[in-house]
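Shared between the two complexes below is subunit A, which pairs with subunit B and subunit C, respectively.
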Partner chain A sequence: MIVESKNRRYARMAAAWFITALFVFPLYYWGTTAFKQAKEIFSVPPTVWSFTPTLRNFEEVFGISFGFLRQQEVLPGGGNFYMAPRLWDSIVVGLFSTALAIAISTFAAYALSRMDFRGRHHFVAWVLSTRMMPPVAVAIPMFFIYKDIGLMDSYTGIILIHALMNLPLAVLLLKSFFDDIPREIDESAIVDGASRWKIFRRIILPMAKGGIAATAVLCFIFSWTEFIFVLTLTQTGLKTVPVVSSSFVTSTGTAWGNMAALGVAAMAPAFLFILLVQKQLVRGLTLGSLKQ
Partner chain B sequence: MAFVATRGLRGYITGDSPVPWLAPLVAMLMVFTIYPLFYNIWLSFHEYAPFKRQLVYVGTENWNNLFADPRFWEALSVTFTYFFVLLAIQIVLGMFIALLLDSDEPGFGLLRGLLTLTLVIPPAITGMMFLLLEDPEFGVLTYILEGMGILSGQNPILATSSTALAGVMLADIWQWTPFMVLIFLAGLRSLPQEPYEAAMLDGASAFQTFRRITLPMMSKVIAVAVLIRGIDLFRAFDYMFVMTSGGPGTSTYTLSLYAWQQTFSFIKWGYGATLSLVSLVLILVIANLFIWIAKVRW
Partner chain C sequence: MAEVAYHNICKSYGSVEVMRDLSLSIQDGEFAVLLGASGCGKTTLLRMTAGLENITGGELTIDGKVMNEVHPRDRDIAMVFQNYALYPTMKVFDNIAFSLEVKRLSKEEIKRKVNEAAAVLNLTDYLDRYPRELSGGQRQRVAMGRAMVRDAKVFLFDEPLSNLDAKLRAHMRVEIRQLHERLKATTVYVTHDQIEAMTMADKIVLMKGGRIEQVGTPDDLYDRPATRFAADFIGSPSMNFVEGDITTEDGNPHFVGPHINLPLDTGLKAEQGQKVICGLRPSDLVTTKSGEIKGTVKLVEKTGADVNIHVDLSETANLVATMARDNGAVAGGSIELTIPPRAVHLFDAETENRIETQTTG
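And now, the complex of A and B:
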């Protein structure tokens, strides 16, 4: 190990903390905006540290009364900024599309990892190239196709398209996790007379549990943050959280406090999840091509 | 390696053929990528006729219009500017921060964890965040820049055509530089120590060590990061849609956003499809060329 001088060590620490603080600041500011009252949000110079926290924004967005720091009752039915159903839409779409993507891709990843067939390399390249497609080039034709077959504005339609979007990631990532399991293990099982299916169920799936869970978390996050498909393929039936952000822009100005409250609620679960997959994150972000 | 032979469908599923394993994936990719692709090509030879309220065949009119459409060329130029400028900034900044954070000192694990947080925020919400920070009246960033004398009150960042793209880029830099940092850090942390010890004995400078040892050993990691980030930069849509809707003028119109707006705001279904096909072809060519040149393998 190369040892640094004391001054250099302190300089490095100071610079590292400073730069991280620059990246965390917008999050801090957005997070605190959710707890501010309008007059503090619109103040010049901007209020950064000292404000009187309120839960009013959360009360309006989720239609629940927390019963303190309240100036007036929450509107019945939630009012204009009632977003709890949108959070529910996001959760439903995220969970089901993740389940579908994982189900399809574990099978495919097993074949790509364990079976030697002609054109396997080209097949992987094809899967990868679907990851390159601009979403707009899929969203435009899908809009017309969905209208024709009646999937427009439906959970099924969005779940299918989000599963599709996550397939390249899930297949390539799971393949890399399956590749980590030594082939000798399956070969000795084959000698014992086990079938492919049995090897898949009894050996590969249990041994790659952690990898499958990490892949699922990443799929959920990408569905959770997706924008253009939901924007294009829904009207009023359902909307996920990222897409409703524009509904906070009204003729009398933008409801920043409410929007920030929804944003905080959208980020909190994602932050929690990302901490769970910290170890597999780089592998996940690079579609399985780099291992940590 | 021989399997116990079983007959019929059961035998097919438990046997050695990859077909049943890959079938669901292939079906899904066919229905949701190949079919839309052909539908899109078909659409690009048609256009919506408002009076007839239906699509009519227009031949190659959309493709001819494309090359004569100045807004297409502007969108192309914005897309490539966004792509190259941000790729360069995020590589350099990402490498700088990664080198800074490459340490076993206490606290650095926490810093790395904090940086990952930006990666899971919905980009549309990030756009809103920066809309608030760059607000001409009460935005923190506006306040700071005005205080430093860089910005004057008459020119709001996102409503001035010379600065709007930079204002949008800032959101992208904030959200995705940590992506580069994490990947580069993972690469740096897995490098062997011996070459560095040898370089130190030879009295090499920090810059020489970086150029001659770190960069060559990191080339694969950098190539993968550039490929994945590059693909997403080329498809940029969310930030512009939320922050500027392409304006002012055409200063933040990317190809994706222009295609979307032609289809859904101006009801030019055929022309929108044509534009989206152009962006599809461009990205497939550029990405596969890069994979081939940089020899990235999966």
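And now, the complex of A and C:
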């Protein structure tokens, strides 16, 4: 470590903690809101540290009883805030659309990284350009197309559109990971007599694991938080968490506690997914393959 | 076993020509070394041989069969890359076994071959490790092992020793050469290190700017360099060059330059008054009293058993002489040197080509 005076170091650490706290506080406040009773959420002055915790919000949202909610209690706005199936919808859409996007983009990215063809360099810009359109501009035509071909309000439809939206970025990201793998490794295997497919499966894919994991995380998070397409392309068949979050806003008021409870719960699967692939994320890409 | 022949090979990258009309033939079982400075096209030639790079013009044959359009995997070539290109996610065993696995050999056979290669290369204890857990020299040996188990017709090596330390390099030179004695496979070995070339080659191919400067045995290149470039490239410390003229004294040819007057071999194919460059190997120079070469000692450089004596002849001309430690030269003192007429190399000042003597030419 670079030498510096104690005072300087303390000042630097204090600044770092301050900035961290600044970013973490909203999350903390949102998290605690999920455990507050309605009257405490807007109490003045706000209760940041000391409030009476309750699991009532979670009981309403997930239909499980921890003993905070009396049977048949009338809910604010009179609506039904039972959201467990919506969480399930989000998980299904997130996992399948990610798997689909990764499956396609891995092949595409490898081909783009290794094969020579005319206009190879323009291809990247072209791929990116598909993401330059605002999603709303796509969503409306999609609404009519989906209606006509019968994909409206279906898991398949949402999985497809999420995978499609993720493809360009996934291809670009993965291509840069493949580009980092020295061509000599492919060439060495070619000279050894291996076919392209064999090289891809036995050598390149294991080396690109970290990159694929990172890309998968980004795809999953996109699908997990995507709003416009789910809103326009579904009715009653399925709805993902971001879209149903808006249904806590009712004519008789907003159920902030329930909304926070769903939000907090929705962070868990995404977090779990990232934990699962994290092991791959940190692994070095080409460690030990080349001379140092 | 195979003969590799290049007929008028040309190579361009887009509009940039990097090789023109290169012709060369490497005999069956020969250890040929491509030697040349960085960027002269050694790797390019090797990659064209392996089929990893298109040949722009000319013909490549292996065993008489034209290879220009043949896919790398059908050429039966083993290659060790400049950066080893080991498969980082595979253990050493699988790295070496990969080509055999591709060939669908039986498990026992693969095991036997890998173990055999590992024994030769002293890798037996490392078969269970990943490449990242090996030292540079061990990685280099894994790369060699991968090539060895192939039983290929032709072996290609691209500067495999360039990243090793001096001691390990000397050791690996011997190992690779011994391996070649065992396998007797046609080998093309690329290096920019003239000592590697001299110690390992049956045949040295000296390249410069995408052309061949000289082809020959190590002795050929050392004793009779065809051009000034070849003379300069081979030998360490490198050859001294002094510009001057050919004169005749008492009917015998002499080389005359700044504070130099050297008698030459009588059979020299040079003309009176011709402008020439005289090449003198540092190790051929000896001290004398007869004063053919006179100068002042600028620096005495110790190298161990010998010393390199840097001598100024004039403002512009200087040379280096390698001598035993106890020669008595001191910096600032004057020195007189001479050289046997047969050890003098002469090059035409204009073409820089060697001027032969009748007895040797």
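To be clear about the criterion, the second predicted complex is superposed on the first by the 251 of 292 C-alpha atoms of A that agree within 3 Å, B and C clash if a C-alpha of one lies under 4 Å from a C-alpha of the other, contacts with A are read in each partner's own complex, and residues count from 1 in each chain.
What we mean here is this: a residue touches a chain if its C-beta (ideal position, glycine included) is under 8 Å from a C-beta of that chain, and two chains touch if they have at least 3 such contacts.
Source: prediction; values computed, not measured.
*Asks:* Could you say whether A:Ile190 touches subunit B, subunit C, both of them, or neither, answering first, second, both or neither?
*Replies:* After superposing on A, A:Ile190 lies in contact with both subunit B and subunit C.
*Asks:* Tell me the contact category for A:Ala213 with respect to subunit B and subunit C: first, second, both or neither.
*Replies:* A:Ala213 contacts neither subunit B nor subunit C.
*Asks:* Kindly classify A:Phe273 by the partners it touches after superposition: subunit B alone (first), subunit C alone (second), both, or neither?
*Replies:* first
*Asks:* In the overlay, answer first, second, both or neither for which of subunit B and subunit C A:Pro26 touches.
*Replies:* first
*Asks:* Could you tell me if A:Ala99 is touching subunit B, subunit C, both of them or neither one (first, second, both, neither)?
*Replies:* neither
*Asks:* Taking the superposition on A as described, I'd like to know which of subunit B and subunit C A:Trp224 touches: first, second, both or neither.
*Replies:* A:Trp224 sits against subunit B, while subunit C stays out of touch.
*Asks:* With both complexes overlaid on chain A, does A:Pro46 touch subunit B (first), subunit C (second), both or neither?
*Replies:* first
*Asks:* Who contacts more of subunit A, subunit B or subunit C?
*Replies:* Comparing subunit B with subunit C, the partner touching more subunit A residues is B.
*Asks:* Common interface residues of subunit A with subunit B and subunit C?
*Replies:* Residues 187, 190-191, 193, 195, 198, 286-290, 292, which sit in both footprints.
*Asks:* List the residues on subunit A that touch subunit B in their complex, please.
*Replies:* 1-2, 9, 12-13, 15-17, 19-20, 23-24, 26-27, 29-30, 33, 41-46, 48, 103-105, 107-108, 110-112, 115, 117, 123-145, 160-161, 163-164, 167, 171-172, 187, 190-191, 193, 195-198, 221, 224-228, 231-232, 241-243, 245-246, 254, 256, 259-260, 263, 266-267, 270-271, 273-275, 278, 281-282, 285-290, 292
*Asks:* Note which residues of subunit A are touching subunit C in the complex, please.
*Replies:* Against subunit C, the touching part of subunit A is residues 182, 184-185, 187-195, 198, 202-203, 206-207, 284, 286-292.
*Asks:* Within the complex, which stretch of subunit C touches subunit A?
*Replies:* Result: residues 50-52, 72-73, 77-79, 81-90, 98-99, 102-103, 130-134, 136, 139, 146, 150, 163 of subunit C touch subunit A.
*Asks:* Which subunit B residues qualify as touching subunit A in the complex?
*Replies:* My answer: residues 1, 3-4, 6, 13-18, 20-22, 24-25, 28-29, 32-33, 35-37, 39-40, 43, 97, 100-101, 103, 105, 107-108, 111, 113-125, 127-133, 137-140, 143, 174, 177-179, 182-183, 186-187, 189-190, 193, 196-197, 200, 220-221, 224-225, 228, 231, 234-235, 237-238, 241-242, 255-257, 259-260, 263-264, 269, 272-273, 276-277, 279-280, 283-284, 287-288, 296-298.
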